[in-house]
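Presented below is the structure to which this report refers.
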Amino acid sequence: MTSIRCRAQTFEAEHPEEFLMNVLLILPILIPMLTAVLALLLQKSRSTQRAVSSIGAWTLFAAAAWLVVDVWRNGIQAAQMGNWPAPYGITLVADLFSAVMVLLAGIIAAAVGMYSLVSVDAQREEFGYHSLYHFLLMGVCGAFLTGDLFNLYVWFEVMLMASFVLMALGGERGQMEGAIKYVTLNLISSALFLSALGLLYAIAGTLNMADLAYKFSDVSASQHPGLMTTLAILFMLAFGIKAAVFPLFFWLPASYHTPPVAVSALFAGLLTKVGVYALIRVFTLIFLQDVGYTHSLILVIAGLTMVSGVLGAVAQYDFRRLLSFHIISQIGYALMGLGIFTASALGGAVFFIFHVSIAKASLFLVSGVAQRLYRTCDLKRLGGLYQTQPMLAALFLVSAMSLAGIPPFSGFFAKLGLVKAGLDTGQHVIVAVALGVSLLTLFSMLKIWGEAFWKPIPDQSGTTGGLSGVRLSNWLFPIAILSAISVVLGLGAGPAFNFALQAGEQLMDPSLYIQAVLGGAP
Amino acid sequence: MTSLILRTTTRYLTPLLLIFSVFLFLRGHNQPGGGFAGGLVAAAPFALFSIAFGAAEARRVLQVEPRWLIGVGLLAALASGVIGLLGGYPFLTGTWGYLKLPGFGVLDIGTPLFFDLGVYLAVIGVTLSIIFALEEAE
Amino acid sequence: MEVILAFVIGGLFALAIYMLLRRSLVKLLIGLALLSHAANLLIFTAAKLTRGRPPVIGMETAALEPPFADPLPQALILTAIVISFGVMAFALALAFRAYRSVGTDDLDQMQSTDV
Amino acid sequence: MMLAISVLSGFGLAFAAPILSRRFGRAAGWILALLPAGLTLYFIGLLPSAAAARPAAFSAPWAPDLGLVFSFRADGLGLLFALLISGIGALVVTYTGGYLKGNPNLGKFYAWLLVFMAAMLGVALADNMILLFVFWELTSISSYILIGFEHERASARAAALQAFLVTGGGGLALLAGLLLLGSAGGTLELSALLGQGDVLRASPFYFPAVLLILLGAFTKSAQFPFHFWLPNAMEAPTPVSAYLHSATMVKAGIYLLARLGPVLNGTDVWVYAVGGVGAATMLVGGYLALSQTDLKRLLAYSTVSALGMLTLLIGLGSPHALEAAIVLLLAHGLYKGALFLVAGALDHETGTRDITQLGGLFSAMKLTAIAGGIAALSMAGLPPLFGFLSKELTYEAALEFGPWLAGAVVLAGLSFVFVAGVVGVGPFWGKQKQTPKSPHEAPLSMWLGPAILAGLSLLLGIFPNSISRFLISPAASGAIGESTSVKLALWHGVNPAFVLSVATILIGAGLFAARHPIRSGLSRFAWRWGPSFFYDRSLDALNALARGQTRLLQSGYLRFYLFAIILTVTGLAGFTLFTRGGLPVPVAVSEVRFYEAALALLILLAAFVATVSWSRLGAVAALGVAGYGVALIYLLFGAPDLAMTQFLIESLTVILFVLAFYHLPHFAQLSSRTARVRDGLIALLAGGLMTSLVLSAVDAQLHPSISGYFVENALPLAHGRNIVNVILVDFRGIDTMGEITVLGIAAIGVYALLKLHTDRKKDKKGGGE
């Protein structure tokens, strides 16, 4: 009565490696989705939710690690969703950059997930915290893996919607005020992205990024140079808002410190990085018509972002707000690599993004412990942590020095790569800015150190009774994992940077990407 | 708001709208319609119910928790994609079968329809959770 | 017609932005709604208009004869409409909640988290 | 391999130090000192091979893509520093055991001291310049932690911060300089670079590279005008002052200058920048030392002066000057280290380091006094001590460059004599004064260090040739860049240098005798406008700038954020469009029908009403009309699915708005007229941009759409006739999966927002049903 058949119009998907590829590329999206849905369906039981959430996060990490290994061994991987050939269906693509970003998401998911279990209150959990957490990861991983520009928009929205809710979950007044700004400004970005997409489709008739790259690589793009460059600028600004670059970053300092610390850490580690990822992706693949103009502009934005972000941080006297402004400043460094636009600069940027996400998430988690102990994030009211919490102090120092670019931690190598690339290409101004900002970063990190750790406890009202010894280790363990990665990335900078450099070389050669997605010449 | 006319209309409209929604959903693959529009139409009577009789009553009529519908809908969409994956094909690869039904002729039944069913359920769940929540807000 | 719609799109964007710049939270929401109309209409118009002929293959035929409206932008807009509906619903709830906790819908009163 | 291990062993022991300290208590200092002592012996063992120009070396990759190689090389210059570091390190670690006895943080202190030692060894022995920089920064951070050891005091925290910022800032310049040097010379290995002198001097990067490197060296070695951090760093416990801020770390800059001198010196830039700054530092430090009453600050300024003298000698760059620099380096390390430790012992045993309160302690602290006295005599340059030799050589080298320079060096020499007297003689002789604690002899651990250092000053002075072949000559060869053999002798005969030497001692002794009037006289000329003042002001300025910028940008007004974003987008996109020739060419692509135009007008009108309406319901109704209008457009142009969805969504949105309006306030006039006009203009500008973009894009199709594929394959392969639906559920199904996910999340969000308030307070307003 019924018969079952599958489509197989372009290739026979019978080779095991193709099967593996199809599975590996979708897993980082499916795992969080399944986890989120299960958490949603199991909302009645808090303990089951927590278990599902942890398993989901670690599975994501494992899948991501597997993906990285696979891409490292076999080159750029692509899978055609629905088995529709590119550019008609939606392609998922993983080059080294994508894969390593997914791995980053996996690491942050696992570490912050553990931290969530001890730090997020039961009420938020009952109202879907774990579900939202994994929906956010789903959006983030989707954005990293998709090879389709409109699909990127969809993943952005998944991620944003989840972040909106996570930010507002709890309904505290500060959260509301922060969320309104966060939501409004990000919706502007979405509208801009959508409009730019519409215009791009009108011109190119396609949405597949590899196809766009292929179509724009020939001379036809030069027929409308002004329009093409303007479109590039629109995308730059739309992604720029999400990446929180100068002068579009306002939503970030207004909101990042308002939700629970685990949420801040998750956002700090991943969200703006998706914006940077998108910028790097489209400005190494698609918008290469007027590099002299667009990439110089990116360089200018990078410099201004670094400076204005770090000045914002210097002005703060609140642990988390200070860290929030630093996120902006660090985005500048990642863009610096894109603006310089050489393989080593992009490699530096990849390394930098990875490093800074880890360090930043770790610092936010540290701030959470401080907040838990003293019920405040105001540096003026914190103190004495160096004596009372030596382990926390050590972990903070690792991440803070890493962020400030002090060797031998990961941040030094990230900045070294960027500075070297800048000097090699004669971009002395941005190098000077990068180094100067690095000093100010150090300054503001030392401010936290001096105030929260070294300074004696200002008054006796701050109690340290919030956490007992056993439970504190649960708070510190995720931080220790992240700090350990900072150290390992530093001491093992040789292979790590070599990996990043290869990712940079892949980015600089769009034909590899196009080949992987479209096969031979389409 | 809770006028008699509205209450009465709601009672009579509900089955009609539900049938129409299934119709919209089923024909969606070939004619304008589909899971999304169908889902919205299916949600309409319950939304009317909640306006006419209050959210608690509407929840009682619906019998399932709307958020559960969301989860099930998403799960269905996901499952329809995984079927292709298990066969060694990429995620969401369509798998089709024929169903000979007396009177309808040959019907193509495939995972994309199952996917659309997920959309249908999720949309009902979403719409109703939002409306009920707004109704119940103090 | 594209030219006229281009001006409609520009007008919608302008009105949306004007509303976004108001101090009232509710007006901001209306601005967001207008913004999504503008963006959707932009996709629709930029991809060229085709009068009448929907991209549906008739029940008796096996193929669609040109000219017909481009189906892809329609699918994109559909997705975008639905997404912006979700966002809108959330934004409304957010406005409601914010009004409850701040006690006003004047955005200028909501700056405690910035400086 | 052993070389690398010798450098890194300190890091390893640092981790164990807190445990050992707890386990062995008072004996821990002696146990931990075994490592530096052993290293000293190991480095002595390496001297012959260095002297034979076959230095021990080690190389392994670290991050080769970044030019970072884990390479070490133990030549004469490096070994001289390494010996100072490990030798004095051993004594300081021992000393610490006595000095900080019973301090609960002693374990951490040992740890950071060992980290510092290892890092400093790395600086001295690294062959790769980036590796050198890595260790360089590690010395800065360990110095930071150690200066701030007594972190309960605000002054200690401030001093630590100051030292880190100054040296860290210089460090960043140094990094850039080293990288430039590397790219000019084509290698980052010092050993390879040293043969590239002519290439480097001819490179366009020479000038910036030298300036940046000097900035790094000068900040680290406390050269004028960056010297101010060093006296402030005396907030650190005395072992730190003796070790880091006198004997070793501050000499890292000197080491770098000496190391790079052979390839960089000989140009005007080098001579004037290095020599000039060195001379200025020497004089300023010497002068400022005179008026100090705090023992440690006095020694610190005197250290600044000595560092300046070293820099001056390296700047002069002649073989004699460089030989003098090497000898001075060693002599200074020995006597100044001893004097600091003596000062620490005095502080520890009497409770004060104010020299006006110290006197007549010889009988109470004989051993300390003898060690301090010998060190002081060496510092003053009296024969037969090693300091005398060093002074002779310095004077000789200066005399080669003329009387002015010799005069300047003599002035600094006078200050040395003065300081030597104040520290090594003043506290022990004369009338005994009342001190906070009743003085008695320091414990063995605390007098052993000064005694050994003072003893070495004496031994090396009497038998200078014992070290000239294996230590001084190889080191000097490294600084000069070619093999040299230094002959050291106590007695050179009566020559101009000797005459100056004698004069220095006599006049210096006279100054010392008149120390009280000199001090009170000078203290009236307190240097208020010094660099320290500028450091404070620039920190203030930075903070003010940061606050100002943040207040301007992050104002808290959402409207201003929107302004900035919209203006940026409009401005940047508009500018690009207009300057890059993307202006629209208005073409009527398809003809206009009357009802369509009317519909367009209706949409605009409805949207307009929605914006200006005074009633909320009116606005929402108008919004709905605009939405239905858009739906009609979709219907007219072949998009029935779209139209249906838009109709449904629009209705639902209106319902949601109305439901929400129960709980939301009425519109109020909040903006002024000017604000509205301004906003209107911005809005029009942005709208205009979008119109132009649409007009340009409509006319600019470069490639046909890919839609043909969907039309062809929808029925045969995807079994659907409604192509839009097939795209949604099949061709681009994953989009739809994302879309319903967004909806699901939104629903969770609405539910949570309306039901969960963790800071819930009962408010009576509103109420839905």
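All chains are identified by letter, namely A, B, C and D, in their written order; residue positions are counted from 1 within each chain.
To be clear about the criterion, a contact is a pair of C-beta atoms (placed from the backbone, for glycine too) under 8 Å apart; a residue touches a chain by one contact, two chains touch by 3 or more.
Because the structure is a prediction, the values reported are computed rather than measured.
Should one ask which of B-D and A-B has more C-beta pairs in contact, the pair is B-D. Annotation: 61 Å between the Cα-based centres of chain B and chain D.
Look at where the CA atoms of chain A average out and do the same for chain B: the two points lie 35 Å apart.
Our note on geometry: chain A versus chain D, Cα centroid distance of 27 Å, whole angstroms.
Here the spacing of chain C and chain D, counted between their Cα centres, is 49 Å. Among all residues of chain C, those that touch two or more other chains are 20, 25, 28, 38, 40, 42, 44, 46-48, 54, 56-57, 59, 72, 76, 78-79, 82-83, 86-87, 89-90, 92-97, 101, 107, 110-114. Multi-chain contact residues of chain A, defined as those touching 2 or more other chains: 7, 33, 40, 81-82, 150, 154, 157, 161, 164-165, 168, 171-173, 180-181, 184, 188, 195, 198-199, 201-202, 207, 253-254. Annotation for chain D: residues touching 2 or more other chains are 550-551, 554, 556, 558, 562, 566, 640-641, 645, 649, 652, 656, 660, 663, 690, 694, 697-698, 701, 705-707, 710, 721-722, 724, 728, 730-751, 753-755, 757, 759, 766. If touching chains are joined by edges, the resulting network of the protein chains shown connects every chain directly with every other.
Contacts from chain D toward chain C in the complex involve residues 550-551, 554-559, 562-563, 566, 586-593, 596-597, 600, 603-604, 607-608, 610-611, 616, 619-620, 623, 626-627, 630, 633-634, 636-642, 645-646, 649, 652-653, 656-657, 660-661, 663-665, 667-668, 670-671, 679-680, 682-684, 686-691, 694-695, 697-698, 701, 705-707, 710-712, 714-715, 721-724, 727-728, 731-732, 735-736, 738-740, 742-743, 745-747, 749-750, 753-754, 757, 759, 763, 765-766.
Those residues of chain D lying in contact with chain A across their complex are 61-68, 108, 130, 133-134, 137-138, 140-141, 144, 148, 151-152, 154, 157, 160-161, 164-165, 168-169, 172-173, 175-176, 179-180, 183, 542-543, 545-547, 549-551, 553-554, 556, 558, 560-562, 564-566, 568-569, 572-573, 576-583, 690, 693-694, 696-698, 700-707, 709-710, 713, 717, 730-735, 737-739, 741-742, 744-746, 748-749, 751-753, 755-760.
For chain B in complex with chain A, the residues that touch the partner chain are 67-68, 70-72, 74-75, 78, 81-82, 84-85, 87-100, 109. Chain contact summary for the complex, chain A toward chain D: residues 7, 9, 33, 40, 81-82, 84, 87-90, 121, 123-124, 127-128, 131-132, 135, 138-139, 142, 148, 150-151, 154-155, 157-158, 161-162, 164-165, 168-173, 180-181, 184-185, 188, 192, 195, 198-199, 201-208, 211, 215, 220-221, 223-230, 233-234, 237, 241, 247-248, 250-251, 253-254, 290, 293, 297, 308, 311-316, 325, 344, 347, 386, 390, 401, 406-408, 412-413, 416-417, 419-420, 423-424, 431-432, 435-436, 438-440, 442-443, 446, 450, 454-456, 493-494, 496-498, 501. Across the complex, chain C is touched by residues 150, 153-154, 157, 161, 164-165, 168, 171-174, 176-181, 183-184, 187-188, 190-191, 194-195, 197-199, 201-202, 207, 253-255, 257-258 of chain A.
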